[in-house]
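Heads up: the structure comes next, in structure tokens.
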Amino acid sequence: MKNYDIVIIGGGPAGLAAAVSAKRNGIESILILERDKELGGILNQCIHNGFGLHTFKEELTGPEYAQRFIDQAKELEIEYRLNTMVMDISRKKVVTAMNREEGLFEIRAKAVILAMGCRERSRGALNIPGYRPAGIYSAGTAQRLVNMEGLMPGREVVILGSGDIGLIMARRMTLEGAKVKVVAELMPYSGGLKRNIVQCLDDYGIPLKLSHTVVDIKGKERLEGVTLAEVDKTGKPIPGTEEEYSCDTLLLSVGLIPENELSRGMGVEMSGVTSGPVVNESLETNIEGVFACGNVLHVHDLVDFVSEEAGTAGKNAVAYVKGERQTDGGQEIRLNPADGVRYTVPVSINTARMDENLTVRFRVGAVFKNCYVSAYFDDERVIHRKRQIVAPGEMEEIKLTKEQLLKYPDLKTVTVKIEEA
Amino acid sequence: MYDVIIIGGGVSGAASARELSRYKVRACVLEKEEDVCCGTSKANSAIAHAGYDAEPGSLMAKLNVRGNEMMEQLSKDLDFPFQRIGSLVICLSEEEMPGLQKLYDKGIANGVKGLKILNREEVLEMEPNITDNVYAALYAPTAGIVCPFNLNIALAENAYTNGIEFRFNTEVQNIRKIDGGYELCTNQGTFRTKYVVNAAGVYADKFHNMVSEKKIHITPRRGDYCLLDKSAGTHVSRTIFSLPTKYGKGVLVTPTVHGNLLVGPTAIDIENKEGTNTTREGLDEVITKAGQNVKNLPMRQVITSFAGLRAHEDGTEFIIGEPEDARGFIDCAGIESPGLTSCPAIGEMVAGILQEKLGLEKKDNFIATRKGILDPDTLTREERAELIQREPAYGNIICRCEMITEGEILDAIRRPLGARSLDGVKRRTRAGMGRCQSGFCSPRTMEILARELHVSMADITKSGGKSRLVVGTNKDTL
Amino acid sequence: MEIRNLTCISCPMGCQITVEMDGSEVLSVTGNTCKKGDVYARKEVTNPTRIVTSTVKVIGGKADMVSVKTREDIPKEKIFDCIKSLKGVEVEAPVHIGDVILPDAAGTGVDIVATKNVERK
């Protein structure tokens, strides 16, 4: 059995950034296991621009952004295996993987970084009634076909869900010659970035119908049409609002789900809200030495933040492997999401283990305008930041410092909430 | 001229073909779809019923019990998944007890073994997720679950191996009586045969009525189902039924042989014989009714929903045999539940009729067994390592959710009557059947299909016919 | 006088901005909440530009397609001309990020360049 200090599961943006960070922080023995035929993950099919403004201070396309990290990883001579599927990870951090050349093999790791990314919600998860013909794709599958294979999934398109991938695909399909008839969104607001709504829909005159959903799918062999209907506040279709759209393609952009089958298999504790692991300030799961970052931890909207988060995970994994972590005498503080805040990552902080600065990321459950993002240290309001708007589609963050937390020696809970102005 | 033409490659047709292939015979299966197992056989509860539902003395009762008995050995011979997990019919109140008792009595009359009425405590001990309101239940240890796809495919493959021809995309349009047999007009030309087996599922009335004055009428009775993720697969460990109504066995909750949880069906009589669309009302009904017997059903874990059509004949009875006014035409009609369970017995009965009529002799080189697609999960580590060394394709995972390798997909395409479409691969290997519902693997499976079948990606279909998955290349219409 | 209605893309607020114009001259910008909106609106009504991304076929490469983009923004109304100019374009592997795939796309003076490395098979 081979031994590595750090084994990273996934060679997408999270895995690459974690590896680069780990190497730069002084660990030599690192292995990335990637199931696809190249590094870079889903960025390879995200050929649009808009990546990297935070990380590189310039706008890059997905493949360009990926290449920057791939180049760094290669320069640092980080070892990786492609076309390699991780089958199982044991609680003792023995990774079982498989590929064509080596067959089934085992690797013992001192630390594991989970960076498997996420998958798209399928039609089945929405329980949309109707036929089950060809022509129904998740937006990401269509993106792969168009951008990586040069194949058009259809000519006349309806898109359900206004997540960013759906919006981006509305423009891609239009530019490649398809007619995108409408984007329907179940919620009264879009989950996508404003910029994508303007530049992917408005630029091409594609209507966005908020509070609408698909209530029927027609066509036995190939999709022939869908029925849209308006929904009420509870998301139920309103009778009499049905509209027929003829189309040969339905793209679904209805949410992303962290891919945590391996994590569950090894006994990692999961959050019911994010569907990702429950982690502490080090982005470490309940299993010591097992870290998580990127979309497997919680779904991000900007890859720049994935890279940043993964860098932190990489650095913390190094501290764990080197045995450099302070554990004595720290306070254990819970983070409590409340009033409009759905979750926080991390969910707990140990003040001894933590760095000087800690970024707490979170999402809100609805659109709030003219509000405050507040953090209460037990009962005392310590952070109170005015925001014009916060929305579920955009990840939020607050920064905590060690210095700040140590001023409250009996601190048990930090509550993060949205307060109306 | 054929000795026998079987219309339909569902479980009835395939089981008949397989049993017929024991004899020296020239026979052919005509299937309108691109594969076997494309109609009722692919969308049902996947249950091997114990046999207490059907009326004592009926053909349904006899073939159900016989089919159930045969299934286990058949699953070993033909290598398809079957598990005898037992079933419970849930009774929610004392008032319903006569209904439960009646089922028990019918089961005894039908020769069902091991039936037992359990009290509330016994039920809850057996299945802790049954509703707290349970009053009693009928336990049938002989009930089982089966993979309907691989049952159907295994029967067809074995029949093919033993010399039965199969013609796909061949839709029978008309049947004409000729001297010494029948002429079948299809979209692929005309075929002549001494005997016809009418195993056309929901279309069996159409063909029957072409040759016989004693009309039958089949109503497609639609059933909507929801399939739940494997994480919900152990919510119950037996098939859980409601007390039956005149529309059938009600909404059941059952584990599947692949470890998912299946919930359904509804029972809605429709006109359209192709009406396999689910409806909002139907799916809502499934969810509501399933919750009546089983508590805390994790319906958020639904990964797909589908509908199947039961071929319900007005007389609620299997119609198997030769109509008095249509010599040489063997009906295999009205095969609704328990049709899947009964299929081994149906095949035996149909083949028996044909053997007698045609005076067929047994073959001495009949191959009674068939090997299914190798599931690498059943191997030891060493065996698996050796397999990958020999066949590296078994080291390449294509479907991440179900962990299906390229090796399995290649086997599904290359074997007799191999897969020609995405759904064909899915039914044979489960690739694309998991929680992401083929989001990741469909482009890769399409590539493998295109490579193996020497066609372009644009020619790959979901399920044959017009179900193309891509329509052209980038900018081709600009 | 012409009235243009825009949605600001600078933040999730998505302010509905109204711009009054006289020919190509901006008379007023209203509806924005912050300065960013004003800047965005003035640019968008006088000189709207976009980066355009697409793909072209690769011959003999490890991948069948290579992703491309306009090296700089091009006028918004040239988007479709630019895409059409890529129809039928094929390149031979290897291709590297920044390689010019098509110079001066659709008369914009802007080159279309590769955004991915595709090595020879």
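Note that the chains take the letters A, B and C in the order they are written out, and that residue 1 is the start of every chain.
Simple rule for what comes next: contacts are C-beta pairs under 8 Å (C-beta built on N, C-alpha and C of every residue); 3 or more make two chains touch, one makes a residue touch a chain.
Chain identities (UniProt): A = FAD-binding protein; B = NAD(P)/FAD-dependent oxidoreductase.
For clarity, every value in this text was computed on a predicted model and none was experimentally measured.
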{"item": "Chain separated most widely from subunit B, comparing mean CA positions", "value": "C"}
{"item": "Chain ID, smallest distance between chain and overall C-alpha centroids", "value": "A"}
{"item": "Chain pair with the higher count of C-beta pairs in contact (B-C, A-B)", "value": "A-B"}
{"item": "Averaged-CA centre spacing for the pair subunit C and subunit A, given as whole angstrom", "value": "26"}
{"item": "Length of the line joining the C-alpha centres of subunit A and subunit B, rounded to whole Å", "value": "39"}
{"item": "Cα-centroid distance, subunit B relative to subunit C, in whole angstrom", "value": "53"}
{"item": "Touching two or more other chains - residues of subunit C", "value": "54-55, 65, 83"}
{"item": "Residue list for subunit B, restricted to those that touch at least two other chains", "value": "474-475, 478"}
{"item": "Touching two or more other chains - residues of subunit A", "value": "146, 148-150, 176"}
{"item": "Contact footprint of subunit C on subunit A as seen in their complex", "value": "44, 47-49, 59-64, 67, 146-150, 175-176, 193-195, 197-199, 202-203, 369, 388-391, 393-394"}
{"item": "Residue numbers on subunit B that touch subunit C, as the complex places them", "value": "474-475, 478"}
{"item": "Touching residues (chain side subunit B, partner subunit A) in the complex", "value": "226-227, 274, 276-280, 282-283, 302-306, 381, 384-385, 388-389, 392-393, 395-397, 400-401, 403, 435-440, 442-443, 457-458, 461-478"}
{"item": "Residues of subunit C defined as touching subunit B within the complex", "value": "54-55, 65, 83-84, 86-88"}
{"item": "Complex contacts: residues of subunit A adjacent to subunit B", "value": "35, 83, 85, 87, 98-104, 119-120, 122-125, 127, 129-135, 137-138, 140-141, 144-146, 148-155, 176-177, 215-218, 220-222, 237, 248, 259, 261"}
